[in-house]
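Next up: some structures, all given as structure tokens.
Across the two complexes that follow, chain A remains constant while its partner is chain B and subsequently chain C.
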Partner chain A sequence: MVDALTRSMRASHVLVAILVAASLAVAAFGVATNDTFYLRLATEALIFAGLALSVDILLGYTGLLSLGQALYFGLGAYLSALVLMVIPSFWAAFAATAVVAALAGLIGGFIVNRVRGVYFALITFGMAQVAAKIVYNTRALGASDGLIGVPVININLGIASVSSASPAGFFLFVLALIVILYALSAYLLDTPFGRLLIALRANEARIPFLGYRTMTPRLVAYVLAAMVAALSGALYPMLRGFVSPELFFFATSGNAVITVVTGGAGTLVGALYGSVLLTVLKSVIGSYTEHHLIVIGLLFMGAVIFLPKGLMGSVRPLIERMLAREPKQ
Partner chain B sequence: MSEAIQYFQFVLAPQMLIGLVLGVAVILVALGLTIIFGLLDVINMSHGEFYALGAFIAFALSSVGLPFWLLLILVPLVMLPVGYLVERGLIQRVFHSGDRHVRTLLLTFGLGLLLEDAFRLVFGPNPHRPETPITGGVEAFGIFVPSYRLFLIVVGAAIIAAVAFVVYRTRLGAMVRAAAFDRDMAASLGVPVQHVYAGAFAFGVALAGLAGVLLAPIYSIFPTMGRDFILMAFTVVIVGGMGSIAGAVVAGLLLTQIQAIVSLYISPVWSDPIVFGIMVVMLMVRPQGLFGRLGHG
Partner chain C sequence: MTQKRTAILAALLSATALSGAYAADPIKIGVVTPLSGTYAGIGQQVKWGLELATKEVNAAGGIMGRQVELTFEDEEANPSVAVQKADKLFQVGKVDFLTGTVNSGSTLAVGQVAERAGKLIATTVSFADSITADKCSPNVFRVNARAGQQSSALAVWLSKEKPKAQVFYLGPDYEMGRSTVAAFKSSAEKVGANSTGEVFAPLDSKDYTQYFGQLRAAKPQVLYTSVAGNDTVRLFTQLQEFGLLNNLTVVGASGTVTAQNLGAIGKAAEGFVTGVGYSAEIDTPENKKFVAAFKAANKSDPDLYGADSYGLIYAYKAAVEKAKATDTDKVRAAFKDLKWMTPQGEKTLRGGDHQAVQTMYVVKVTGGKFTIVGQVKGEDAIGPDTCTRF
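Here is the complex of A and B:
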């Protein structure tokens, strides 16, 4: 017997499986047609899906809107670039990012979790702005130019190795990583800890009466989101070979929020589909006109007004119903 | 001694004056933001784009030949129905959902993106600089002040005083404050709450538009002009206290002076991180801001 929340999570898994299958088809097609551009674009969509996933952990579960998740995404990207320029090893960059992001998330978590609701949105926004301006003005970090010349690396996977320059290989590698990040988050959020977060969102004042702390789960969720964002960011310089301060800017955070809300907040999988949808839209509309923001703005406003659960929030119940039917057969 | 006076005259005073002009400008934008938050409990992320909209409308109308002085009155009048319709047509659609803060914030964020790109589509990405309506300058105590900036400070101060007068000393303002304090009670006492809400939103938007007209000759007109400016306005509103008019004025003057002094002694590029840092610290230790907000029931 599974409860409704676990069933919803399983429905999300089904939707992720569909996305993975589609991605494998895209990769196969890409290899067959010897494509580079679209595979690279798809890889970027996945990387930003990771950032959106981190926004959803906060918005969809704890109900806290972060307008500054780019802070950790940029941190991961810069750190990864700096490490790769000294030691061209994926694992060194990834491990360094994980450790630093956990620490930064912890410090940031103590700062932002002092406030609630709308003030949380504003303080995350302010913190990301401070970080963005500092990076923008620090010459050692390349200032407004960013860091260029991140080397191509070979990612050693034990049995095989993948070059970050290989479009299909790196795409599949990023796909695997993002799916792992999704799976870990989904697993954590389906434990009693995840239920506690949902309870926090519903009514924070009651939680202490049930014998739980409120600060610890908030902090853990925030650190988890920071790590997911930073680890996704760490992949960026491997794909593009450079990092720029734009990664820290509000536009990056804002895009992630648009992605989550359009895709479906609180579903986790919505972040992945949202990112794919947005990337496809941008590239399709972008081939006709450079004013794709008008369309995205309209679409986003439409989603907020008419589809508050987002795309996956509307699709997922169908899958849930199918899953609920199965045991009876 | 005379060196100190000269230092003040040629270095410090002009810098503080630039800060004061920016301060008045920021307060004009922040006032609308703070009224909208204090009354509707809505964070208007598109406020910067309404500031830009005012400037662009003025730009379009002046190219038809309308004089600047007429625009100062005309643009806010045009912005009023725009704001009213946005509140009735968009904000009210998500206003009564459980997650008002988040959903109204997201909605206005989307609107801002849309408007910004629309400006780029209609007026092109390059900056336009309207002619300064008042040329020349005034010299007082050896300090040279461009006349238009002096005019801006005086007019800005007058507008701020007028807004404070309307909100705190008129029947209309009493209705606004009553609706902010307790919506249901105000409604049962016959305050047309829906119109007060939409009206206050329109008023805030019109103020932003007016600021756009006034500031265009100094800061130029370009599609992303609202984005750069609104960050500062948000900081002012947060530090001053969301919903507080006095707070917006005090914080606006204070922060722009800090910015001016930091630019002088440290470096202009570090003024932004320091000001945003003040905002973060303020949110940590006193999220209600210096003055707290218009009372909520």
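Here is the complex of A and C:
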């Protein structure tokens, strides 16, 4: 017998499977029509889905609103770009990002976890702004111009290799990575540790009475989110060949929060669907009117008012009911 | 029956022959420019300039008999958005040429997209020297004057008006501020000026009087500053209140005093001198015609962005007509050392680094308006070609 939380996590897995199936269909269609632009746009949507996923680990599970998750996304992107320009190897860039992000997340976590609620949001926001300003004014990092000239790389997967310039190949590779990041996060959040995070969100004052420390799980969740964000960011320069300080800006962090709220906070899969939806909408609406930000803003308000649980928060219960029915048949 | 069939066949044939003669698909030019956000004002001028020139070219029969079609995309002055939109225009819109990027980060990033897509782009706005120097690309052209041209024009004027001047520098304390001061300092020293000191004030400083002691002690004849926006307003009014503007010539970057803050600075701006690539005041028949047409179409004066964007369409027209094709390699070859006419006179695209060489103007605030006080020949302001990639 599975409990409600495990069942809703399984419902999320079903929704991810649907997304993967749809993505494979898109990739096949893209290859058939020799498309480049839409496959790269979809890849970018998946990369930003990784960032949104990290926001959901904090917001949806631990109840921490981070307004500065772009700090780790940008960190991953810059680090990956710098490593790739010296050693054009995916694994070197990925390993370096993972190690540095864990350290940065630990340091950042010690700073931000001293406070709660709105102060947490403000400090995460402030830290990202400080990082953005430093990068913006450091000539060695390209200052306001950013860094161009990140080489096209061949990702060695042992049995095969994928070029970051191949639209379909790199799309599938990013899809696999983001699904792995999702699976790892989902696995962790379904363990007793995950239950502890949910309890933290519900009522932090009670946790010590149950015999748990509150600082450790908060810190672990923060470091996990930092690593997910940074590893997603590391993919960005491979796709576009450059990084710029705008990746650190509030627009990036804010977009991730909007993505999670629209997609459904606390579902993990909502981050993925939300990112695909928003990226595609922005690209399409942006070509028709320069007032696209108003349209996105209205959609966001509409989502908050009419779908307070977000897109996936409204769809997932249906899947849960189907899953609950199955054993009887 | 057979007669009828041949008649239909003949009609069909003539129809295809006709469409063959018209075989003129439009030439597509993509424009990725900020239409929303902080730089929307610049994007607006870019749009107006390009649209006016396109209308004129199309009315006169297009380029090699083909009409020109512009497609606009909003880049929000964000390089990440700009590359996505550029990719869309190249891959889906199948544009032949691309322009419009404003901030240097976007131009550099979009230049790389163009390189990988095998297409050409040109910027009509970005100032950063690097675009046609150490970060030059075979697929990127610049038709406007870069920062180095503006500061050398000003330095050349300074050496004539105030030979061996004592110069003091006051810049905003961030990367761009420091690099503009460093650039002007080196061009001024090259033409004989003496530097008496430099100081950097934080962005958004409320009080500049704390630096005035240093300024007075240095006894300069000339003050160079590259602060911008409201910082300029505070700096200039405080300088005036302290009586430091007497016997001091204030010169600066082209963005220091603009139409936007000139009114707020008021009398304190009087006598300010800067170097620019275009001014609506240029007294030539070409420019007067352009300004009149621009005003009629947009009910607003053109600024340098509008003028340079207008000029670009004619550069592209000249290059395509010279190349007799729109292929990347042929057009690139045609752009090499191309000479063409613009509202600010003849420009030359230097083959070595793809930078436009043009007459530079020195303007001075007199009676609350910019007036042209000097011209510097293109060759004197351009500086060496430092591009090593092609």
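Everything that follows uses one rule, which is that the second predicted complex is superposed on the first by the 329 of 329 C-alpha atoms of A that agree within 3 Å, B and C clash if a C-alpha of one lies under 4 Å from a C-alpha of the other, contacts with A are read in each partner's own complex, and residues count from 1 in each chain.
Keep in mind that, in the parts below, contacts are C-beta pairs under 8 Å (C-beta built on N, C-alpha and C of every residue); 3 or more make two chains touch, one makes a residue touch a chain.
Quick caveat: nothing in here was measured; it's all calculated off a predicted structure.
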Fit or clash - chain C, chain B, common chain A: clash
Which superposed partner A:M127 touches (first chain B, second chain C, both, neither): first
First (chain B), second (chain C), both or neither touched by A:N137: both
Which of chain B and chain C A:H291 touches, first, second, both or neither: both
Partner chain in contact with A:S244 - chain B first, chain C second, else both or neither: second
Touched partner set for A:V115, first chain B, second chain C, both or neither: first
Which superposed partner A:I148 touches (first chain B, second chain C, both, neither): second
From 241-249, 259-267 or 277-285, the chain B stretch with C-alpha clashes against chain C: 259-267
Doubly contacted chain A residues - partners chain C and chain B: 136-137, 291-293
List of chain A residues in touch with chain B within their complex: 59, 63, 65, 111, 114-115, 117-119, 121-123, 125-127, 129-130, 133-134, 136-137, 254, 257-258, 261, 291-294, 296-298, 300-301, 304-305, 308
Of all residues in chain B, those that touch chain A in their complex: 43, 90, 93-94, 97, 99, 101-103, 105-107, 109-118, 120-121, 231, 234-235, 238, 269-270, 272-273, 276-277, 279-280, 283-284, 287
Residue numbers on chain C that touch chain A, as the complex places them: 35-36, 40, 73-74, 78-81, 83-85, 87-88, 90-92, 103-105, 108-109, 111-113, 116, 128, 130, 135, 174-176
Touch list for chain A against partner chain C, complex: 35-38, 40-41, 44, 136-139, 143-146, 148-149, 152, 165, 240-242, 244-247, 251, 283, 286-287, 290-293
